[in-house]
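What follows is a set of notes on a single structure, which appears directly below.
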Amino acid sequence: MSLSVRQGEIVGVVGESGSGKTSLARCVAGYRTATSGTVEIDGRVMTARRGPLDRRRVQMVFQDPYASLNPRMTVRQTLREPVVVHGLRAAGRVGERVEELVDLVGLDRRYLDSRPRQLSGGQRQRASIARALALEPEVLVADEPVSALDVSVQAMVLNLLADLRDRLGMSILFISHDIAVVSHLCDRVVVMSQGRVVETGAVDDVFLRPEHPYTRQLLGAVPPHPWSGHPPASPGTSRPDPSQ
Amino acid sequence: MSAATLAAEGGSSRTAPRLNGTLVAAIAVLLVLLAAVLAGPRWLPSPTEQDLGNILAPPSSVSPLGTDQLGRDVLARVLAAIRLDLVVGVTALLVPLVTGSLLGALAAWRGGWVDEVVGVVADVVQAFPYYLFILVLAFFLGAGLSSIYVAVAAVAWVSYMRIVRAEVHSAMQQDYVQAAVGAGFSGSRVLLRHVLPNVFKQPLTYAVTDVVVVIVSTATLSYLGVGVTPPTPELGALVSDGQQFVTVRPLLTVAPGLAVVLVGAALALLGNGLSRQVDEA
Amino acid sequence: MNPLLEVDGLSVAAPGRRGTTYPVRDVSLTVEGRGTVGVVGESGCGKSTLLRAIAGVLPRGLRAVEGTVRVDGREVDTRRPSGEVAMIFQDPMTGLNPVMTVGEHVAEVPRRRDGLGRRAAHDLAVHLLQEVGIEDAEHRVDAYPHELSGGLRQRVLIAAALSGSPRLLLCDEPTTALDVTVQARFVALLGRLVEDRGLGVLYVTHDLPLLGTMCDRIDVMYAGQVVERGSTREVLQHPAHPYTEALLAAAPRMDSRRARLVSIPGRPPVLLADTAGCRFAPRCPHAVDACDAAGPLGPGTSGHESACVRRDELEARSERGVAWR
Amino acid sequence: MAAPSARRRLARALVAVALVVVVTFLFIHIVPGDPARAILGPQASPDAVSALRDRLGLDRPLLAQFLDYLSHAVRGDLGTSVAEGVSVTSLMVGRAAPTVALVLCSAILTVVLTVPLAALAARRPGSLVDHAVRTVPLLGLGLPAFWFALVLIQVFAVRLGWFPAGGYGGSPLQSLRALVLPALVTAVSILPFTVQSLRVAMIEAADADFVAAARARGVPPWRVLRRYVFRNAAVPAVVVLGLNMGWLVGNTLIVEKVFAIPGVGALLVDATLSRDFPVVQGLALVIALLVIGTNLATELVRIGLDPRLRHGKESLR
């Protein structure tokens, strides 16, 4: 199979469990070597055993926000580590970079010295996205990053990923079993079944005019969004927001 | 803001872990024991000082637990023996704690043949029951503390290896370790910064309970005559010594035996309390 | 005639170190025979606890302190199962005993409780497995749970649940761990069982769009209480509570891509004691001072119930489809 | 722990057996210096030492000695006792019955004590009963077997006269009566481990969704307890009992000595004290093989109890 992700776009990979989505994500992120074929980033072929520099260029966002942060490290330590180890900032400017990162993902600075267990699921997921961004990767691989979250938190993470694409031009490979989420967030989509790609193209083409029977079957199974009302443009807040 | 929201905010703040009752009781008993062991020599006669004019004396204000067949003060000997056994129990475990933990980490980290080899060696060591192993070693090295140290070092590492191996194994499945690998950190950095800090509590907690096992086996071997040799006061040796006078002065066997039970119980409770504390934290 | 299930003023208490919390507080709801009622809310809103209380299998440490549960007009004890309701769980793996075969699960209640013979129980098991759409039931009956796919396990759980001929089926997010196509087949099966057996179904989920395809009525739960209730159409088309509206606005939709989703700031509160007023107010974009004295559920203009003090404004606005402040 | 298939388990046990044979052979070669001198002790005369060296063939190449040892061991010949002049094998066979009886009694007593205690504690976790059941067996951890045995002898044999103070033999009933106190001592020494693990396993099983689901659909309570809670809790409990067999066997050595039971354990302790090397070596080999056998049997029982392990699949938990 082959697929490509361009600068500043989100490519969704959908399919059912066992369709090979996660294997694909792990190959791209360099956790597993492909039995055949190559992964190229910016025209450069990634070797089977990636060195630190190659690893840096692809970063992964994990599914379970409760397992993806080292429980013994504060948010600040978690974010400092990659910046320092890879020497991405001069010693005196690391702190500044850490603050930049939490601002970028919309995590309040007062959580910098918190440990993961003091954070909610949504806050943890922001922190682990910030950690991935700390390495200034060229591609983010997000493996079911919202499937363990409640709808309200899921919305927040989806908005954040869209922002990263629009503001930073980040390229994201987004693995999900949720068709509605992929349809909402992604620019292009790859439909997988039993280890192979059955259909690929722009989201509008694939989801509005599916050609492969499997894609049609998938789309047919999605419950339609029942609300005809328009979502409020932005919620007006007449009281202090308890989360901020 | 309503009470309900306050509660939600409170749930995210850090709360100091509460010490459980078992832990407090165990620490209290151990502190009292420690104080007695350290302060005893100031008030009591030397544990090896004989007074042949005053043998097998009943308890008195001078000798609270009486004297033995050589007129030595029983309380002084029991306290000295507790001290010896505690020191042996703790120091004998240092080597197996370190080697076992390192081997366990190595086995889980490298996997493959390293894991298999470490596992088979552990199987072989465990195939020889503890006392059998120590008896065989005592056979060759002769009676004495050194046999006990060597035997504990040769046997006890297996538990730590198994515990740390399992812990490292599950830590390595955790996404945060995967993330550290994916960030391009070196193997030693991932192991030292991300894996080991999250697994070191379990072997340490287990070691506390293990001290009990070492103390009991030291006493057992000395009782059988293959451990600490007289006249050094050791709890098992004291029981063995006093056994011939059990009908006249039962205290000579009861006191050192109870001392083992007391020390063992306090340490066992400490270990249990600590592990519960670790689970809740 | 009595409704099949009638929950009246139910409260479940969880005594804890920092005081007693109430995962379910003064909840009333009904399910009719041949009816499917959905309960929706974020995690931690008390949906699962409500189901477990009705089934009589509350987890250790929780107990129902007030209110009654009636099945077919008869009051049941929330401390033990009544045998007239059956429950299926989110994770079909943990819902089945790993050391028992499929057949043993399904034949168990007929054989041990109802005293059916060995042969008859086996035949009934095969029949039930066929009824829930398991092909090759004769063969699968001897399989162990770990040998089946998630979708099949969920069907086995239903067959086992049906084996006691329950009137009411309680579903605790049964499809969250399943793929969409499997979920669609599961929902279809549930609909058929409601028709064929006259079952009542109480279905708990956080997936509002899913409820839209299968339920007659919806109860929206927040922080242990029902905050909105009505027919599926009314609740989903004209939400009369800001929480329902927020849940709808947070769900991504196929038809309007790239719009910003609305996330709900904060998270559900822990219910320490009785709180006066609306519990959603601290997270609500429309909160006003009157919310501090908000009352229980009340009828709105279109007839369905909401606990919001501004429910009439909200409904009017959603009917006109205009933004509302 | 990952659950390897039965075949892998078997292969590993075979490797362990081979290593055990090598290790017991090397016993006399591990110590620096002259093995014959090590066996006879520092007081022995040089003549006796060289005589023993000739008799054991210690001057021959190591490999030849090992092959010799191996070929004899395979045929059941473990050498001749220095002290008693009879073959180690016959010595051991004569002493086996009391030890086997003691180990069996101890294991049965352990199970009989563990199951109700763990069930009692698991009924209401965190209750007073639970705390008591969790704490009291812990005290047994620090209870030295030899001392506990002495106390039991003083109380139940000397003062009350309910049981004999020691020994073994006579009618089966007399033998069984003689084993009550020794079995109690060994059982108490492993009770902390078994009660703890069965309790945790039972609580875990009782909290599982499948128990709630079974209760909800009307499975009778006793059946839920038996088929759902106990059956699932048995798997880890069997493992713990098996892993502690070595500890249990080791304790019987001490207990036999104190209760003067003419078993293999007492033989080993006496042989150690009287420096009867062939007996020590032979017994070590046989006991180690038995422990490996027990561990293997435990693993197979576990695979039998848990269908998930039967096809060599990894456990899902």
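Going in written order, the chains are labelled A, B, C and D, and every chain counts its residues from 1.
What we mean here is this: a residue touches a chain if its C-beta (ideal position, glycine included) is under 8 Å from a C-beta of that chain, and two chains touch if they have at least 3 such contacts.
Predicted model only: the values in this text are computed from it and were never measured.
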Pair sharing more residue contacts (C-beta pairs) when B-D is set against A-B: B-D
Centroid-based (C-alpha) most distant chain relative to chain A: D
Distance between chain centroids, defined by C-alpha means - chain B, chain D (Å): 22
Geometric centre distance via CA averages, chain B-chain A, whole Å: 48
Chain B and chain C, separation of their C-alpha mean positions in angstrom: 52
Shared interface positions of chain A, touching two or more other chains: 120, 242
Residues of chain D touching at least two other chains: none
For chain B, residues contacting two or more additional chains: 1, 5, 8
Chain D to chain C touching residues, read off their complex: 125, 207-210, 212-220, 223, 227-228, 231-232, 235, 305-308, 313, 316
Chain C contact footprint on chain A (complex, rising order): 16-17, 120, 122, 150-156, 158-159, 162, 177-181, 183-185, 203-204, 207, 217-218, 220-239, 241-244
Residue ranges of chain C in contact with chain D within the complex: 52, 55-57, 59-60, 80-81, 83, 85-89, 91, 93-100, 108-109, 112-113, 144, 146, 157, 160-161, 163-164, 166, 170
For the chain D and chain B complex, residues of the former touching the latter: 1-2, 12-13, 15-16, 19-20, 23, 27-28, 30-31, 38, 131, 134-135, 138-139, 141-147, 150-151, 154, 192, 243, 246-247, 249-251, 253-254, 257, 268-269, 272-273, 275, 277, 280, 283-284, 287-289, 291-292, 295
Sites on chain A touched by chain B in the complex: 29-31, 50-56, 58-60, 62-64, 67-72, 81-82, 85-86, 114-115, 118-120, 128, 131-132, 135, 242
